[in-house]
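One structure is given here, and the rest of the page talks about it.
Naming follows writing order (A, B, C and D), and every chain is counted from residue 1.
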């Protein structure tokens, strides 16, 4: 992979929006990798948390948006809990999800959910899932 | 012997008002910062005259009143940043004293917009330049501080 | 009437290009009290100085103003010139018309610069008229030094000062000198045995006729000022008479009780009467009183029974001794961050998670395993060891933002020691950055990777837990963007270097500054790195911040050279810019005393002829006063003034504005 | 003693046993959990973007309702606890947020109500010693693994009911009840949470790891305080059994169920029949 860097992207409006929406400061991350090491779903992510943050630091929002990472993050805050710089990858993923959801781009169609799930799963799973994955 | 013309309010080439600023600075940070502005050949407004003291903690509020009395239109006090004082805590004393005397200054008729406080370190030449330019501009807007200069003559 | 001479320097073209120095000179002649005025190309040159001296003599000048560059440049030059012409140097003042005038006002018509130079010079002349002649202050110097801390930095400082011919008192709070270095197995990057290079120095210090060592002792207080300190030292009760004890070790052998060894960091036990390690200096045991049944319950006393010279003394108590010294070197060293802070790494819960110093003990041939790498839980030789760097360091969430500096190097060393002792073993190192800036350091870390097969993983470890007798390490390798899990036998944490517990208390006792991490502050981090704000107190070693052995040794020697320089004369000359009290008018409100950052102001009793106290007043200790003038502004009755910056002088300058 | 109690959506439906066993236990311990007069769903997730104020309105309504009943509110569900506690802090610390949110829900609330988990009530208000005294049927040394998950512990500065890397509050309770607590590495790892909706494979892996880790450490029962954890753990057992020969299913119960049994409740009251894997044979085997 080769990427070209642009100042306009690094300081771009998308980056500012992500920082505002997540309350995180991307520059604070020094890429130690603790989040990726501890994240329970890191193994399944196209971009583990620290790498996703790295792309955001470089201004490459699209790279992160097209990865599955933000839809896999469950918000368990293990990343934040052990981050030496107190950065929450979970908050950043939530901001990215919100960006998508606020544009009406859902990750999950409700009609596709199996009936058995809707019947048996605890309500909180459904409410929470809708909040995170559906606009 | 040191009687001098108090009416010597400076004028620029066009005859407009040019304020006279007296700066009380500490020897270690701000004085050195002002020196650095010189060594770096920066340029700033010529209105300031520096009185060097070992530390801002040495500054007696009376110095400030005296400066106004002797023709200053504005006064600047500047020392080391909090925590950087050469004498460890002198600038904290200065700050505390300033908080205590602020209202007194106002009470004795000093327009607080003429009085400026700042921290300039030995490496902050640029900050010094900006500071002098800004203070000069601000005091220029206020016009000459005639009320206080009159006091001395009245005595 | 004053007889003042004014000298305007052109500084080649530096001043002349924007200041009409001739016009300034002419203008100054008109100022009352000025009897001579001139301008010259280079005042600081030899001919310039000669001119100044001649003018002083010819015109009988009683004061000199040189309008030239910043006083920070040549004030000393001109004052010296004045002095050699018979004028008191403090009757010479500099007006800064270069850095603060000609160089910052680029008006080529010279109008701006000339007007300002006139003002600045006139203000200086008026100030000078009020300058009183001042004399340098001479302070007698007591030529003995106190060194606090008997680690390598302190030992080096003590030896250098003693070799320089001065007496040294070395205070160490543990029962033996040696410090943390005594715990190390081998040292990077040379891999020479730490004890082999350290113990000769310890013995040298012990045997040196000019070094007096107080072990098991702590500094309780320090009074006085540069050249004249009085230090109070608490000699904790050893319960062993140092004069009688021969160091035979019979008592240690026969003592029936054991306690956890501080020196071995809990990896081993020691007797209740003990020396921390076999090569201890002095080789005199101490009794660990809280664990001694004789002292606690009056039962046992075996050590006393077997002691030939009858050196055991259960009645001994702490003793306070006072020593007079002229200088102090602080070399109190470092500790490792308490490991309980690393819950995610299982420290304290998982036995096979240890810190770097504990690994040093495991690798040391005098350590609890005789130098074999065996894990603490079951004594098994670990087939794989994970080393985690930056544990606590660079971790703002754990309160430490700095880099501990030596961990990259000692971890590389650990991997080598491990490989040398366990040939089939595999070492893994989690790192964030490898910081190997030092002579032969980079080559050393590369050797660990290339020749000794340590697997370096760039990333941090999220957690460590036990599973089936293994220590599982879960982390990330950011270079491959993978989660990594390693089933290891042992984990070594390179925990952060932190200041000693109680470092702040000692700093307060000594009157020196410390930062938010309680590391001691240098007077100036670059130009005066071994001095403190408190004149006569110097710093050496890791009490200033994380540093390695060569740096600590250099700093110990540097501090020693400062001490020896101070001790080179019987008296020390100080700038006379100090405060003084008009005692007749002082009303003893003590505002000055509270304000003074140096505790230079003392209460002075005034007695009548009958010896009764009639009143009190403040007195400035000129040895301690640094001349900041905070007291002057604080004094309500205006009875303190600062020589060189008197109210009179400042008002004169203001009035000439 | 009465303490305002917010059950939350799930405890009224699939986790009925959790709710009933807790209320009955409270009664046995001499206090009453007084259900909020009016309540709604908390949203089941605390909005992680600080600019999402909408997500705060639902829990704010719950808190405002609780404030009318007392100075504290307790919950059983870890998620409710997490959402309410963090919302409360946001409203208390940020005046601007508070005025927007309270303006929207048209209720006054200043963040002064304390949000405490039922475990904290037992530890801090009742006291584990008192619980110990009230135990009628000690649980016969059942080896129980306390599973905390995320929501009770993280972020530590905002919710943590105990040390976030090494919590013991649930173990402390379990030993009071006569269990033998089993420490296991995965007790603070995530179960997969709402990914149950989209990625059952992930949930099965994460929850499976929790189960295996507990069983490997000798657990006979896994104890939780969250209906979603309970659901995910129960649902993932099949997968674990598939990939691991000889795996024996472990019951996954709410801590209040064990509490209830120990305090002498009937099996029905404790809702033991609701669990997919029955804990009763184990209790019998231990002579409870």
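The criterion applied here is as follows: contacts are C-beta pairs under 8 Å (C-beta built on N, C-alpha and C of every residue); 3 or more make two chains touch, one makes a residue touch a chain.
Source: prediction; values computed, not measured.
With A-C and B-C as the two chain pairs, more C-beta contacts join B-C. In terms of their C-alpha centroids, the spacing between subunit A and subunit C amounts to 47 Å.
Averaging Cα coordinates per chain places subunit B and subunit C 36 Å apart.
The distance from the centre of subunit A to the centre of subunit D, each centre being the mean of the chain's C-alpha atoms, comes to 26 Å. Rounded to whole angstrom units, the spacing between the C-alpha centres of subunit A and subunit B is 53. Annotation for subunit A: residues touching 2 or more other chains are 78.
Residue positions 164 of subunit D each touch two or more of the other chains.
The multi-chain contact residues of subunit C, meaning those touching 2 or more other chains, are 344, 463. Pairs of chains in mutual contact: A-C, A-D, B-C, C-D.
On the subunit D side of its complex with subunit A, the touching residues are 8-10, 13-15, 41, 43-45, 47-52, 55, 77, 79-80, 149-150, 153-156, 164, 189-190, 192-199, 202, 206, 227-228, 230-231. Interface of subunit A with subunit C (complex): residues 30-39, 42-43, 47-48, 50-51, 78, 82-86.
Touching subunit D in their complex are the following residues of subunit C: 343-344, 349, 463, 465-468, 472. Across the complex, subunit C is touched by residues 1-2, 4, 10, 20, 22, 31-32, 34-39, 41-44, 46, 49-55, 57-60, 63, 66-67, 70-72, 86-90, 93-94, 97, 129 of subunit B.
Subunit C contributes residues 344, 390, 394-398, 432, 458-463, 474-478, 481-484 to its touches with subunit A in the complex.
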